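There are structures below to look over.
In what comes next, subunit A is part of two complexes: it sits with subunit B in the first one and with subunit C in the second one.
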Partner chain A sequence: MTDPEVVDPVAAEDITTPAARLASYIRGGGVVVPLLTALIAFFIAGLVVLVTGHNPLTTYNAIFNGTGLNWLFPWTSGADRTAAALNLQQTLIATTPLILVGLAVAFAFRAGLFNIGGQGQYTVGAIVAVYFGSKFGGMPHVLHIVLVLVLACIGGAIWAGIAGLLKATTGANEVISTIMLNWIAIWTGVWLFGLGGPLQNPDTPSVPISSDVTQSAKLPVFWGNPQLQGLHIGLFISLATVVAFWFLLNRSTTGYEVRAVGFNPEAARYSGMSVARNYVRVMAYCGVFAGLAGGLDILGWQFRIATNDVLTSDIGFLGIAVALLGRNTASGTVAAALLFGALKSGTSQRNLDPSIFDPSLATNLTLIIQGLIVLIVSTDVIALRLLRHARGLRRGRAAPPPAPEEAPT
Partner chain B sequence: MTADPAALELRGITKRFGAVVANDGVDFDLRRGEVHALLGENGAGKSTLMSILYGLYTPTEGEILVNGEPVRIGSPSDAIALGIGMVHQHFMLVPVMTVTENIVLGNEPAHAAGVLDLREASNRVRELSDRYGLAVDPGAVIEDTTVGMQQRVEILRALYRGAQILVLDEPTAVLTAQEVADLFRVLRTLRESGTSIIFITHKLNEVLEIADRVTVLRRGKRVDTVPIEGQTEQTLARMMVGRDVLLDLDKTPAKPAEPVLRVRDLDVRDDRDLEAVRGVSFEVRGGEIVALAGVDGNGQQELVDAIAGLREPESGSITIDGVEIAGRGVRAATDAGVAHIAQDRHQRGLILPFTLAENLALREYRSPELSRHGWLNVRAIKERAKRLLAEYDVRGGEADAPASSLSGGNQQKVVVAREIEADPKLLIAHQPTRGLDVGAIEFVHKRLLAERDEGRGILLVSLESEEVRSMADRILVIFDGRIAGELPPTASEEEIGILMTGGGTSEAA
Partner chain C sequence: MWQRRAGWAGLALAAVAAFIAVPPALVRSAAPSIVLAGLAVALGAFAATRERKLGIGAIVLAILAIVGSVAATKSGESNLRDVFTWSALIASMLRFATPLLFAALGGIMSERSGVVNIGLEGMMLMGAFFGIYGSDLLGTWVGGLAVALVAGGLLALVHAVFSISLRADQIVSGTAVNFLALGITGYIFIADYGDTGTPDNISRVPDVHIAFLGDNSFLGDAVGHANLMTWLALLLVPFLTFVLFRTRRGLRLRAVGEKPRAADTVGINVFRTRYVAVTLSGMLAALGGAYLSVGFVGSFSQNMTEGRGFIALAAVIFGKWKPAGALVATLLFGFSSALANRLPTFSASTAVLFQALPYILTLIAVAGVIGRSRAPASDGIPYVKE
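And then the complex of A and B:
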């Protein structure tokens, strides 16, 4: 029916951008849909475990213990507790950059852009960090760290800004340009630190690796043994960035414009905002987040880059899954990053008992769960359907058959 | 109960969506061979009621009787099987297919081997078309036909499927005056042959012209069902809105001051780089309403965009109080004193997922009251929104409700509030009452007149000649990108119409 005013809510909202569509989904499903999405993914992955002849429940239990999250239970004690602490440190180390690359994707999404370039921006941030972190050895500790992190942010911002600039000036699709920029960043890294590369460690001419970060640039460890990769303060920097992300998005004129362009670029233009300039700015902010992630990883626990790391890292792509599952909100991104960080450390070879599940298979299980989550999130109609169906059944006991539509608003 | 049951009867239909009651115990009956108008403001529940009848929604309570028999309509195919046909406002036709192909779509006649047999269908289409005077060519391709023709194809499709009851949803919204006359002629023929017609509208004059009886809905409830004899626009409007409505504006003579807007030799190209505005010159004085009348697509959009700073003109000058703004962008136009009630409030006027407070701040979020050093003063934005929502009588949502949750009339009030609050020298009102109901139209018109009397210059761009004549102090007619002439508001509809269509030489499309 076609009164322009009272048609069903989805049609009435003239949904023009992915961000607007997402906004309506968030209203439709709240926190339940992402939870349901994760559960469905775990359920299907459990079926996969079953097919391989293992018990899904014991496998998941082992993975959970591998994440160290059992440290939170007061009844975990003794040697278990010591192991759990180590595992939880690893989980949180993995979570730290995931939060930031998640924000890098989420921020773009709120402006109606797809930032697939988190990987490249992270890589550029890491390269910048390892370069400046291995220099200026005599600098005061705090100053050196701040300088390196700021430069890593700027590096990421410039890298992502290129994609924004291309979109603003030529209309080049940011999905394509960020993917291409990923490869340029990755192979630049391989060239820089590869054998004979300009930034290869001069002390180890046969190993394709960068110089080490000097002591003055390393992030302090606040939990665990610094020699055994304890938890560094990057976690707090990361969480502080989440707060900054929220304020930037919801309390600044920049965020207001970002959201306006994200929901309806035509109305934003009509209000006097420059949509093109906004694209550049948004991408630059995304680059700041992802570049910072690279910087924290280098100064926090990696301290050097091997060409192999550059080639095998998939953190930028995980960031997409984190943002999708976290619904591009600040708190959602933290929760989703923790999930993926936990999965990563929970299934690492170090933790899993081969008699329960072969660790080499378990890593693949993580990938399967990741893939499923991305798949289900991007078709989150499924989760919404299930939810609606469940609601319908509940209502159905009291009332006549439920209508499939939502209330006109 | 009479011996001859009604063709259709709805008894006590209630439809709730969560807490919202869209229909509240509505009774409705349709006699055989009558045109029954369903009248109500936007959001009154007309669409929901007809969606229930067509099987798109299931009613929460109530029953439906067709020819006196209780029926259950669970889907549109149930409705079609019961002889109920629906003509939607937006046509459901495949543009590249012929009339006949569109009509048989869904139940294509085929030979035994599955080969499509269109000849038989084509003959039936022609026969139906002739019988009801629809003048439809079965072989014509849809995209080559006019909107009026496409609507008749929709009617024909319903008849082809055996409809005895025809529901027309706002059928005249997309038609020209001539096409409306043609449609009414067809409806009368159908009525004489015994087809029962439900005619959904919010236009009072159409109800008086075509309907036998009228049922008025207001806020989901039936106000009354009355025969059309003895009704006037005034009585219908009162039933519809629930109070007396000023259909005629009491407009005092304008007191024009100095020119605010001066447009000189303006040339503007459209998105396809074709000349849309050609050498246009005019001015708008403070304290007067200049109406720009014209058939849609004669350069109005491009002209408005150029003045609002959204489009760079090829050449020419636009000044506000002597300040040149042509091609300087939206901010320059805004700063010079231009405000703009956009034609499409969903696409341009509002950001629907934004809250009302955020929408009301769109023009002025950078002002020192609402933000400082790049940080929004959320409380000030909200307080300002509360004040404006009260002042402009916006109903149906608090300051932090999303704009999408309001009805169209209230959404438009939000746009009007924001633009007037910018304290403009020139207010562009581009189709400001499009799609609004009587009450909201009255509000917008009164407000525009009040702003005129405040001394603002108002450029009213409208396709409705009635609106133009009742609101304007001067009428400029635009045709093919040129100002075809200037008329006083006392000009007759014919005089305006002739200029609008290029001196009557080209046909109105």
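And then the complex of A and C:
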């Protein structure tokens, strides 16, 4: 990570697209700013809990125990440890797709694009996965899984590629087109698996749900009981994708072009890169990440989609929060996904102790925390100012502001 | 010139071709529709030699008319009469369009001043919840609307502070506002109403009964019982058109959205103008949300706006950032939802596809196929005073 002060917000004004400017702000603050951001959000949400007549400390403690992260403490033992293991499996199951949808948003950010379409790409990936996962029952295990996941990636890539293609050919704003594609994907899902829909489970004509994924396509569970929704190997696929993301972005020609276009499209065009082709390529990669997330959720623990799942899922939207808090970097995305995954499972009906705090209240508290985090990240001015103020006091404001790295052309 | 006339004639013929296949005309053979639509295709092809978009539009509509009329003649007569009861369809269209129209008008205010408002969805949700909350607390729907206005305005103010003063990315700030609204409304809803839900005896915004239209006449069924808020939304369209395009304030607002630097130079307060516009935008969106709860169903459920804010955003773009355009767009989207609502009588699954129609149309519109829609020049760009 570069020195936080190198990216000066004033110099960043010269970068042309808003998303690029945002991305450069966000890379500038190191680890401290995201941590501070999360702390501020948790603090304000704690005030909400306090004002509504609950004890924020016991509430947060109950949520923490709900996440199962106390499993990591060696002094957790006996029944607590068993419960913590179950909860931690849930947290990591939730984290797995969040990492990937976070990457889907982060990759676009690095190219100066804003991918709000994670939800749609995730949905398309899930639809493709449930279709091919419920077919070809006799296939060898590994082959079937690989086939389904590859097809889910392609599905997501095509869906996101539409937005990239529209931007490249007609200049259509990708924010608007990805939002529209989200809802088209969602309603397509409702249509496919709804009553009388073409992919509705033929055995249950009165239930709007898809067919089940066959045994041969289910991901193996490596921790916990498969009957109790143990942790599936999708987590490792997800983490491997993070490594691939890092190499793609930082060590490949594609990544270099992506970052160059994101930093300054005019300069990139001048140096001979095809900005239009790059838009399509970047969006397609984003779709691969988000589509894979949908595929892993289906093969890992959902095994089927009900129309209600399609309508209420918010994983893709959360990807925006994950990418922003993770500063669009590989490691940051993993950390942010773990935070949001933990929040999601820690406040769920299944994991939170209802005698301490009502889980249906807590899920809304999670939404408030997410909103606050995104809001604070959206400017970074608050956290950066606090940070600069602290640094300025320490250095006695002696050092002159460093010159921007690149002179604006 | 001839090409242009031919294009419009083609569009009209295609519309007629579709219309005669459904009640009241209800021609039980696809042949007349196909002949008319065929003519429309020919006219469209001729028009396309000069007026490309118009011609293609006519051809596409004609093909849709053929598909539609063949489908109509294949389905039962009584089913068709059930779905295409025009007076009921119009009434239903207005019900679906009202919340969208309020929010879309709000979106226009904000975007015309240069602030992208992705947060319309959240502001609608605030209106939906606090409308019920206020109505329950104060015992009257007037109080409900007042509380909804304040709540929507406050959430919009958060968006304004972050996107105008703190120069945050407006898309991110809008996304945050949506999360916040979901959390805030859900939290208070669960904390105050819990499992029982909102009470049944909420004071609702009354319907306006226009007696002289008659109770069983076509107009009486279509608009004779429309809600007060529907009329308010419809009246806001000419009012806001006038304000935006015929008054000094409107000119200033648009100037700030197009060239804030120039506006600033001639002494217009860019920041204040944007603050006012964004706050008004949140209030209008909140009215749209309040229509859903205190206006229509009389109760609240978590996330009850279900993406309507995004349809409203689509209507802003589809209507090219003009109130009248937004009206046309929301009526079209409302009609699509009304059809989706009535079609299940003979096919539940195709009905769902009509829910996706607004988004598909908007996607086509932003791609510039049917006339390019262009945002205000400085939409989405924070202003930095020098």
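Here is the rule we go by: the second predicted complex is superposed on the first by the 368 of 409 C-alpha atoms of A that agree within 3 Å, B and C clash if a C-alpha of one lies under 4 Å from a C-alpha of the other, contacts with A are read in each partner's own complex, and residues count from 1 in each chain.
One rule holds in what follows: a contact is a pair of C-beta atoms (placed from the backbone, for glycine too) under 8 Å apart; a residue touches a chain by one contact, two chains touch by 3 or more.
Not measured: the values here are computed from a predicted model.
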### Task
Please indicate which partner A:Val207 is in contact with in the superposed arrangement: first for subunit B, second for subunit C, both, or neither.
neither
### Query
Which holds for A:Val146: it touches subunit B only (first), subunit C only (second), both, or neither?
neither
### Message
In the overlaid three-chain picture, which partner chain does A:Tyr256 touch, first (subunit B) or second (subunit C), both, or neither?
### Response
first
### Query
After lining up the shared chain so the two structures overlap, which partner does A:Ala268 touch, if you call subunit B first and subunit C second: first, second, both or neither?
first
### Task
Check the residue A:Val31 against both partner chains and state whether it touches subunit B (first), subunit C (second), both, or neither.
neither
### Query
With both structures placed on chain A, which of the two partners, subunit B or subunit C, ends up touching more residues of subunit A?
C
### Message
Show me the subunit A residues, by the header's touch rule, that subunit B contacts in one structure and subunit C contacts in the other.
### Response
13
### Summary
The subunit B residues in contact with subunit A across the complex are 17-20, 22, 42-43, 45-48, 50-51, 56-58, 60, 88-90, 169-170, 308-310, 329-331, 334, 340, 342, 346-354, 358, 361-363, 365-366, 371, 374-376, 378, 402, 404-405, 407-409, 435
### Contact set on subunit C toward subunit A in their complex
116, 118, 158, 162-163, 166-173, 175-184, 186-187, 190-191, 302, 306-307, 310-311, 313-314, 317, 347-350, 352-353, 355-356, 359-360, 362-363, 366-368, 375, 380-381, 384
#### Entry: Partner subunit C, residues of subunit A touching it in the complex
13, 18-19, 21-22, 48, 52, 114, 116, 166, 170-173, 175-177, 179-181, 183-184, 186-188, 190-191, 194-198, 311, 317, 320-321, 324, 358, 360-361, 363-375, 377-379, 381-382
### Touching residues (chain side subunit A, partner subunit B) in the complex
1-7, 9, 12-14, 16, 20, 23-24, 27, 251-254, 256, 259-260, 263-264, 266-272, 399-403, 405-409
